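For reference, chains read A, B and C in written order, and residue numbers begin at 1 within each chain.
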Amino acid sequence: MTEAMPKPLCLSVKGLVGHYGENLALNGIDLEVRAGEVVCLLGRNGAGKTTTLRAVVGLLEKRRGSIEIHGQQTIAMLPEAIARLGVAYCPEERGIFASLSTEENLLLPPVLRPGGLSEQQMLAIARILRTGAKFLLLDECTEGLAPVIVAKIGQTIRLLKERGFTVLMVEQNFRFASKVADRFYVIDEGVVVDEFRREDIASDLARIEGLLGL
Amino acid sequence: MDEIFGIPMSALVGQLVIGLINGSFYALMSLGLAIIFGLLHVVNFAHGAQYMLGAFVAWGLLEYFGISYWWALLITPVVVGGVGLLIERLMLRRLYRVDHVYALLLTFGLAMLMEGAFRWKFGATGQPYPNPIAGGFDVGVSYIPAYRVWVIAASLVLCLGTWLVIERTKLGAYLRAANENAALVRTFGINVPRMLMLTYGLGVALAGFSGAMAAPIYQVNPLMGNSLIVVVFAVVVIGGMGSIIGAIITGFGLGVVEGLTKLVYPDAAGVVIFIVMIITLAIRPNGLFGQEAR
Amino acid sequence: MKHFSPGTQRLLLAAFVALLLVAPFVLYPQFLIEIMCFALLAAALNLLVSYCGLLSFGHAMFFGASGYVTAQAIKVWGLDPALGILCGVAVAALIGVLTGALAIRRQGIYFSMITLAFSQLIYFLALRMPFTGGEDGLQDVPRRAMFGVIDLSNNLVMYFTVFALVGFGFFAIYRIVNSPFGQILRAIRDNEPRAISLGLRANRYKLVVFILSASLAGLAGAVKAVAFQVVTLNDLTWVTSGEALLICILGGMQTLLGPIAGAVLIVSMSHYLASYAEWVLMIQGLVFVVVVLSFRKGLIGELYAWLERRALRGKEQP
């Protein structure tokens, strides 16, 4: 029986090096995300997970290497151009605008898909879906939320996946991530140090937990 | 009754009108500065020179092309705003990467350059500009020139209109959001660099429009910009640049305070705004409406 | 200067001093004095801008106010020039205390506007005060003998006296910058929140530097009043403040020698263009804009950068 054709590459990152000013933040990141996948970046604080997302979305000014989104090289692209490729970014800080009303916040991105969600975090995810983007980058979207809400978010991400969304997420909460994501990269000191799939977790649990310092 | 506290009513009304006139310009200019600062985080030291430019454009349109005041009111902000677009695109943009100090220095240098250029061409003397609205209103105790009423009304409308656009429209929402977090707004696909250029252009256009309106009242001369901008800076320090309504209220309010001071204590009229600034700095360092996070 | 070995540094310093000692016999002493006064004014401003990140647009108020008080002290109160200069500096320091206390309170973005506003206020007051002579200025300040013995009416003697005073000013700046105090300033400038979290009262330090800067600017103004025997309202205008800033950036901010190089250029230029007075402001504005856009390091800054590149290349060679 022949294997199914691998899904097309949504994101391909090779040798990504990034700096904040003079400080080295990413030291050669390699990773890929296929269409329809949910991939999670794990690692300690300061390892470079958020920085990687920022680089992909175009917000890390000093970056070099290769980032290809849907086959297009974006290493030198402006954030607004990258957004138009169908990429949406939900930052760790949520980025809700205080000087805008809730409605204005919700309707700010150019095209809106109604979310009907009430929690601020849900609002943040809903907002970015408006652009019609199919490739979502979620940064710590369950941080500080009650378990009930976290479960709801997990359901939402699975829903999105069923609808053909591709997700690259950053998560400290490994328990949550292990239920939601298909594949995992572990990042440490600005480099990818390990990669595994959800299926491998059960058999490899001890080593993985050791790697994450759990 | 003819007098209040020993001051003749006619004088009171007269100074009130003058105060509102000056306040109109203070408000319009503060507004322009606040809009530019909100998004670009640059205090536009060239604002006064751009106001002067507006006055000269209006004068030039009449002098060389016979174009009347009313057309000048439309053309001037476009011309001066256009200059603003060029300044942002060709010069300011290059300085966003480096220390804020340089953007500030650039606008200051531009002010020097513009005033210098116009001083060279026109000397320090003023060019007269005819009053486009003759006649006035007799309100019993006093006579109020019609043009002055127009200026005050137009300024109020423009200020409130700007407030409306910023606070109640989609475009304004983009501006307010970008003021807070420009990077995030870019990830929504919104072209923030172009917004920066248009915002600077808009602020400068406001200054140019003010200059055109000022032409019939004050003499059109190269020094008019910088003498105004110093007072406007004091106004901005008092009111803070975080609030549009704050800029408007402070501008008009201080204009009136200045006008009324002329009645009570004429010698202090020139410095009363600075005195208010000193008092504000002493007791409310963040300004009357200041709540800036930066 | 750190790009040279200590031996070369001493040699260069000696050569520089020798040059200054010989200069008045080659060029007009008054011209050189003007350069020195503006160099000191710019250096005082530079101290504030480069080490505190505070951009003052109102330094003319220290320069001019000090000049007026010094002139008044010598001409009308009959004081010895040394005492007169002291009075001028004291007044500048006082203005520095009063304006600084208010200007530094506010967040940095407003600081520049506040200094400009205060400067305008002082100008306005000076315009009204009878002793300043209004539009005519304070003229005919006598060049009395300093300490009763130094005959200032001789231009050469005046030159060397100015050289000593301005030299003292520069020396003071040098000592401020290269001291523990200077290190703290740098820490505050580079990362203020961090410095504050370490217990440093950042605003206090900034105020001290502001007052020092004001006093040194006052010294420059006082010396100029004595040397040129006249003070005008021009010395109080934003144009003078702007000139000082231009000298700073043209010469190179963050350097000690920058203000000197800048002053040489700017004062020479305004003399060269003396017959085209209307051009000066415009040309200064143009130079300002060009320097800020493409030449930010300034003359001395570019020189140091070039020397560093040379040194690096030298090291790279096997």
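Annotations for the structure displayed:
Rule of thumb we're sticking to: contacts are C-beta pairs under 8 Å (C-beta built on N, C-alpha and C of every residue); 3 or more make two chains touch, one makes a residue touch a chain.
What you see is a predicted model; the values in this text were computed from it and never measured.
With centres taken as mean CA coordinates, the chain nearest to the overall protein centre is B. Chain centres computed from CA atoms place A at the largest separation from chain C. Rounded to a whole number, the gap between the C-alpha centres of chain B and chain C is 32 angstrom. Centre to centre, using the average C-alpha position, chain A and chain B are separated by 46 Å. A separation of 54 Å divides the Cα centre of chain A from that of chain C. Chain B contributes residues 170, 173-174, 176-177, 179-181, 183-193 to its touches with chain A in the complex.
Put simply, chain B touches chain C in their complex at residues 37, 41, 43, 45, 91, 94-95, 98-99, 101-102, 104-106, 108-117, 119-120, 123, 226, 230-231, 233-234, 236-237, 241, 267, 270-271, 274, 277-278, 281-282, 285-287, 292, 294. Against chain B, the residues of chain C that register as touching in their complex are 49, 53, 55, 57, 102-103, 105-107, 109-110, 112-114, 116-118, 120-121, 124-125, 128, 238-239, 242, 245-246, 249, 278-286, 288-289, 291-293, 296.
If you check the complex, the residues on chain A that touch chain B are 57-59, 78-80, 82-84, 87-89, 91, 95, 97-100, 104-105, 107-110, 128, 131.
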